[in-house]
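Below: a set of structures, written as structure tokens.
Two complexes follow with chain A in common, the first pairing it with chain B and the second with chain C.
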Partner chain A sequence: MKVAVKQWHAVAYWKWDTGATTEQDANADEDAEDDVCGICRVSFEGCCPTCKMPGDDCPLIWGQCTHVFHMHCLLKWLNTASSKQQCPMDRRTWVTAERKVDR
Partner chain B sequence: MLKIWSMKKNEETAAKKKPKVSAAQIRLQKDLTELEEFKTMTTDFPDPADLLHFNLIITPDEGFYKGGKFLFSFNISTNYPHEPPKVKCMQKIYHPNVDTEGNVCLNILREDWKPVLNLNAILVGLQFLFLEPNAEDPLNKEAAEELRRDREAFAKNASLSMRGGTIRGQTYERVLATP
Partner chain C sequence: MTTISKKRLAKELRELQTHGPPTGIAVVSAEDFECWLFTIEVLGNTLYEGEKFCLRFRFPGNYPIESPEVTFVVDEKWGAPVHPHIYSNGHICASILGNEWSPVLSVVSVCLTLQSMLASCTKKQRPQDNDRYVLHAPLSPKKTRFHYDDDTV
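What follows is the complex of A and B.
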């Protein structure tokens, strides 16, 4: 049998490198918590409530404590007096990491 | 690539036309779908279209307040989850961590709030206040003092207050679950 390919569609997807390693991916389905921003609870690949488009317009921010949020969500929190400049997860003083911190 | 940029423009204009649903509402909707089932707590939305204002009914099944039915109002600001919900007890009750105005002293409703918390955390916190009132952090100092000194006397007064009794000149509301 001969097959002639007349048309094809390439499909690609992207993901932020949030530090969810491959073995974690295996049980990602049971623990979807890892894939959402803890503040707005929208997936990292989605965008924060003030943005319309995900991606570079609504990037993530990594803390040295290894916690990840939508940048806009975290900055909004740090701008409130009650945040005391602490990470909303572990209450350590927030220090932005340059990129993903290995856990 | 060009196509992506033009799609982006279209989406932006489309988004502007949509009615604005606040970030607080979006987040709250998620909280509500994730809300656990508690056999001692039910929520009540007087206006189902308004998620930001609702009531919580707690009917403790053990502890000092067993047999009572307690009502709380939740007011959620448009800044949620950056600000905690404003929670008030709608009845005058005898409780170390609730004053006679209905203000509630629960750490996560005040200084320890953080935006990764959700309604589940608050509900569990409120429920815990009825199971284990905290004498160390009182709003009703006399009740706290009594709990610290004499648990049995406190248990009696808590039960008296739920029946609408008067304790040290303050008359409390009858809050029994069974009429």
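What follows is the complex of A and C.
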């Protein structure tokens, strides 16, 4: 039998590489907490409350302490005096980690 | 009013409705995104056994970047727990509501912290400076600069 493909429809999805392992991804449904920005509680792949378009327009920011947030959410926090420039998760001084793009 | 507090609070409310509040906590009213009321009880063998209190949260427009104002309701019906860090006007001296607020905290995590603050209390008494504080206290405890000097309770 011969099959001729007349039409096809490609579907792709994207995800930020937050360093979560595939095993963690498999458990993502059970423990969705890890996949949301701790400040706005919206998924990393969504956008911060002031943005409309996810992706490069509303990127993530990584700290040397390994914590991840929407960049806009974290900057709003760091711009306040009460933040004392600390990571909201562990209260260590926030140092933005340099990310090497390896893929 | 900015949308950031509305969006975050809508999520917290949905969470409260789907999973229910933690044991001992109940929603009294959460009709808008400015003021929520909860009842709080400390279950188990504690100094507050059988007592029930009412907590009021007031949210600024930029919550959770800015902390909520959290007080115990004091009126004809409700009273503030007698506790070394809770003033008789309902103001609470707790570092997470002041200079140790973090935007990853939430309504539920604040309730749980206050619950455990009550649970670990060993002596029912008012703060030493209660009378002086209450006499001159600002309307919002967020205008008070508390000294957090006791980590034990």
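Just so we're on the same page, the second predicted complex is superposed on the first by the 99 of 103 C-alpha atoms of A that agree within 3 Å, B and C clash if a C-alpha of one lies under 4 Å from a C-alpha of the other, contacts with A are read in each partner's own complex, and residues count from 1 in each chain.
Convention: a contact is a pair of C-beta atoms (placed from the backbone, for glycine too) under 8 Å apart; a residue touches a chain by one contact, two chains touch by 3 or more.
Since this is a predicted model, take the numbers as computed values, not measurements.
Residue contacts after overlaying the shared chain place A:6 against neither chain B nor chain C.
Legend: residue contacts after superposition of the two complexes on their common chain; A:52 is shown touching chain B, with no touch to chain C.
Counting the residues of chain A that each partner touches, chain B and chain C differ, and the larger count belongs to B. Of the two partner chains, both chain B and chain C are touched by A:91.
By the document's definition of touching, both partners, chain B and chain C, reach A:39.
Shared interface residues of chain A (contacting chain B in one complex, chain C in the other): 38-42, 49-50, 73, 76-77, 80, 82, 86, 88-89, 91. Interface of chain B with chain A (complex): residues 8, 11-12, 15, 22-23, 26-27, 30-31, 81-83, 111, 113-116, 118. Per the touch definition, chain A reaches chain B in the complex via residues 38-42, 48-50, 52-53, 73, 76-77, 80, 82-83, 86, 88-89, 91.
The touching residues of chain A, counted against chain C in their complex, run 38-42, 49-50, 73, 76-77, 80, 82, 86, 88-89, 91. Those residues of chain C that touch chain A in the shared complex are 3-4, 7-8, 11-12, 62, 64-67, 99-104.
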